[in-house]
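In the two complexes below, chain A is the common chain; its partner is chain B in one and chain C in the other.
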Partner chain A sequence: MKTHTKKPFNPVALWTSPSIVMLLCLTIVPLLMLLVFSFMDRNIFAGQPWPGWTLDNIIRMVGSDTFWRLLGKSLLTAAEVTLLCIVAAYPAAWAIAKVVKPQNRSIFMMVVILPFFTSQLLLIYAMMNLIQSGGLLLTMLEAIGIQGETWLYTNKATILVLTYEYLPYMILCLYSSLEGIEDNLIYASLILGASKGKTFTNIVFPMSLPGLLSGILLVFVPVAGSFMEPGLVGGANGAMVGSMIDTQYSGSLNMGYGAALSCTLLIVLSVIMGLTRLAAARAEKTIGGDME
Partner chain B sequence: MAELAVKNLKKTFDGEEVLKGVSFTVESGKFLSLLGPSGCGKSTILRIICGLETPDSGEVLVDGVDVTKVRPEKRNIGLVFQNYALFPSMNVAKNVGYGLKMQKVPEKEIHERVQEALELVKLPGYGSRRINQLSGGEQQRIALARALVTRPNILLLDEPLSALDRKVRAEMQYEIRNIQRKIGTTTVFVTHDQEEALTMSDQIILMNKGCIEQVGDPYSIYSRPASEFASDFLGKANLISGTLCCDQGNWYLVDGEIRIAINHCGGQEGDPVKAAVRGEYFEFCSPENQGANPFHLQKKIFTGLSWKLIGTLGKQPVDISALGISADHLEEGANVYVRIRPENVVYYNR
Partner chain C sequence: MKSKGFNTVMMVCLWIVLAFMYIPIIAIIGMSFNATPYGMFPYVFTTDWYVTLFTTSNLLPACWYSLKFAFCVTLAAVVIGTMTSFGLQAYAPKWANRFNFVLQLPIIIPWLVTGISLLLLFSFLGSGRSEFSMFLGNLIVVLPYVVLLVNGRFLSMDRNPESAARLLGAKPARVFFDITLPAIAPGILAGGIMAMIMCFNNFVVQYYLIPIGVQTLPTLVFTRIRSGYQADLNALSAIIVLVSVVIVIALSKLGFSAGGLFGMSSGSTSKKGE
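On to the complex of A and B.
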């Protein structure tokens, strides 16, 4: 016996194809190209004969002191910026999610995302203007009797500018998680005898982990690869690994070497993010009582 | 176990007076229900008792000690929330043991007491489950276990059954009362469901618009509502208007052809009054019986346990509730006679 059930017209493949094609062309293919370029001995776009295969780029990278030093410095800077962002963003996100009345929240959110309406370069120049010697900050400090030296063209300036740029991402991510925590959970914790600090570590923190993790991802990764900020405000010793990669493409036109450095940075960042995720999952389980 | 007293609690939110001087006492080990429509201030009282809210004036006393200014985490009060408020990031055992952990009870003892508490709420072996794997009724029991495991002085229940379906709710009513009797914790239960309040409580406080309307045990509060609001809110009594009248030493409420015998308790002949009579207090009788009043049946609705008979007594609308055997034969549109015993009538001045 045959049953004739008409399948509803619901071509999932058709609806998702635009985004799949975009993802393939703009993300997957370039990444693969990057990987392939790492093993080429000449620049493919330079009009020279078709390049041959080589391991020279990899060997040169492994032996390069500068690269590993700059990679370490970049990761450290990214960690510092991420930490500063977390510390600054938690109270702000908490205030918007829990203290501000729901009808006023959109105003505060607007204030947080306001910097996105300005070009990144402009934000950096504004910050430079603020902290340079003779700038607003130092003049005001001088007025109240504090003599200071400018941070401009030091690594501190890089950290400051990067924190300023990426703070909104962290606030938005934490806000989305904190907003979902019911007030009653916090009250329940208090009534069961937990202090406010304990309530934070036991209830609020684990529940904000998803937002914190996406915040870390959105801040740590781009900061580790940043090159514009260190170049503009970092001064002579400001270079980070991003600057080095940038030089391979824009300066020395050594595309293969640049690709090898990029791939390595990508792998290192992926591993760090993976480990962070594992650590978070472990912390969640310990607090949740699933690991005894 | 402790005696709880609140004295003259007042609270205003945004210019609106939510509590207008509420005082009551719960004896040690008793089960008190705060009953009232939403917005009557009952939840605010609960929040003041556990310290999540501070009253504008008035005090909360536990065993005679003023705790009004004590922080919530220092009060040793158990609270079960309407939506349970179980911690989603923790499993059942961690949830139940949370209060003990905060009191720095040794791990081993926490484990034992959590097991005990889970047995008390009849969910032994649930310790390692996740909260989102539990049904509503189970979450309710876990929330109760979490509130009781610290052996609180006072247990507060904030409409804990309202999210459950009817059958589970009936089970939980019985269960909560049983557990409360067993461990003897002084309990305050907030609800807007009169049936819940009547079945569970030692004492009911009926509230309306920030004031106490009536205090009493379930039977007396049901059978002798002290005000029009009380008679309407609890079981929806019929309100019959008329004037007081005295005939040979017997008092009656009279309105047109109706004459209802009452026990006199104040008021003079000719005073306009309203009498409250519950639907189940009407009895069918023959016209020549003493106290018989004409009832015209307009509509008959079967409710399972009884018939709801909608009609008029004289010219006034009343609902009579009658058991199957006495109302099965009645047709819609019938004219019959009913009488009411004077002890089942309460009246108020209009």
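On to the complex of A and C.
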């Protein structure tokens, strides 16, 4: 038997069994159910114990213009929010990791993650109040002579609010990578004659890739699946794919159809994240290649 | 570092980002003391909204309910999470990695999908929207954070005293309670605080699993935001921000850096880099 060559089973490992059961029952099984119920024709809420099999949900989904349009919109919004987060977070994370005095870094990071500890809904509410017509922002702008129109209840507001919510994650991820780059490495590169741009593309950027990747993962995926932000601030044309999935459950109770939509969303997101990971690994290799 | 001008530009960017993050929060705190019900001006100082919050508002009961609920979930998450982390140390590295992947699924999967898949499961099992379903749903969402934070503590602690105690004849239970537990206690505490905050704030899972007629704070806030300006909500926001500040200070006094709190973002990447 193979087991003889392996380390003997340590009974301490049995302490993980409650969470194995939980992960199995509350994560794996529900995901499988989502897949199975995509092919079910009746509503579980209506009290029919075992619905029959059907392909209607899939056919309806493939033929639904709304779904593909909203899916595209969600992915585009997620890409925009992720990009905005990267653009805002990179200099900020760099400043905390490299410019701020080492003893002050943890204070700055605590300040950055503080909003995370207050609820997302309160952050949304705070931003809504700031940008609403008659809110502080427009009043201030008016005082200095700029007449603006409120963004609230437009798609711009959705992007703004989502960026506001997820920015701390991106700063945190980038910071943890940038902090790990030794100053000496950058000095060495500069002294040996590399330009600042080259130092960035050949050293700083590749070394920040792991943080950037987890940042993208932590921002892109939840934003693509968001439904309450567009519902609250997006206005009449704010719906995203999350809103459509939500409607199948909280509104029309179209469970099988909703399951099919969420499965597709999950698959699309996994593929995108897998491709991002691959691209990053490749970039790391090619950029790192001429360094060695 | 690089040139001085470049550093200045970076610092300016940092302050702009911080301003972006804090102006809405500070504005809400300012408005919670403002008697003018809509907008900002004219600014008239008042504490009436706090009186409303503590007397007639329905936010306070929901807040208490959420605190009690989050506390129960946290208690379960801390016990199960600590057990898991303890057992995980005995795994072969290959299996530990596999376990960690599955453990991170509830973090990675959008809450919307988690919420509806759990609603499917519980409807199928017959418990539907109920406190029981909501409890389990929130538990699975916060459990990974506890395990990751306690794991971090295990990785940095010295395991020799445990072996010494065992050699000297201490029973496993005694070794755990006298040596292991005190060493990982800060991780458990941080995990508990994270679980409590995540659960207290988690709207999506509660939205799908909440029994009819019950309101947690997030679901109530969601309903009320839809109807516009809420003066007592401003007051509650100000209090919650204040409590968050206290928690963040407490966490940093416990020795947790911001990165350490999100074991999954910094921890997993730094391991890959090594």
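Operating definition for what follows: the second predicted complex is superposed on the first by the 272 of 292 C-alpha atoms of A that agree within 3 Å, B and C clash if a C-alpha of one lies under 4 Å from a C-alpha of the other, contacts with A are read in each partner's own complex, and residues count from 1 in each chain.
Quick note on the criterion: a residue touches a chain if its C-beta (ideal position, glycine included) is under 8 Å from a C-beta of that chain, and two chains touch if they have at least 3 such contacts.
Nothing here was measured: the structure is a model prediction, and the numbers come from that model.
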When chain B and chain C are modelled together on chain A, clash or fit: fit
Contacts of A:G242 with chain B and chain C, given as first, second, both or neither: second
First (chain B), second (chain C), both or neither touched by A:M61: neither
Partner chain(s) touched by A:L190 [first = chain B, second = chain C, both, neither]: both
First (chain B), second (chain C), both or neither touched by A:S119: second
Partner chain in contact with A:E284 - chain B first, chain C second, else both or neither: first
Which of chain B and chain C A:G211 touches, first, second, both or neither: second
Contacts of A:N129 with chain B and chain C, given as first, second, both or neither: second
Dominant toucher of chain A (residue count), chain B or chain C: C
Chain B versus chain C as contact partner of A:L83, first or second or both or neither: neither
Shortest CA-CA distance between chain B and chain C [superposed frame, angstrom]: 8
Overlapping contact positions on chain A, where the chain C interface meets the chain B interface: 190, 207
Residue ranges of chain C touching chain A (in the complex, touch as defined): 1-3, 6-7, 9-11, 13-14, 17-18, 20-25, 27-28, 31, 38-41, 80-81, 83-84, 86-92, 99, 102-103, 105-106, 108-114, 116-121, 123-124, 128, 136-137, 139-140, 143, 147, 197, 200-201, 203-204, 207-208, 217-218, 221-222, 225-226, 229-230, 233-234, 237, 240-241, 244-245, 247-249, 251-252, 257-259, 261-262, 264-266, 268-270, 272-273
List of chain A residues in touch with chain C within their complex: 6-7, 10-20, 22-23, 25-31, 33-34, 37, 44-45, 88-89, 91-92, 94-96, 98-100, 106-115, 117-130, 134-136, 139, 164, 167-169, 171-173, 175-177, 179-180, 183, 186, 190, 196, 207, 210-211, 213-215, 217-218, 221-222, 224-228, 232, 242, 245-246, 249-250, 255, 258-259, 262, 265-266, 269
Touching residues on chain A, where the partner in the complex is chain B: 182, 184-185, 187-195, 198, 202-203, 206-207, 284, 287-290
List of chain B residues in touch with chain A within their complex: 50-52, 71-79, 81, 83, 85, 87-91, 93-94, 98-99, 102-103, 128, 146, 150
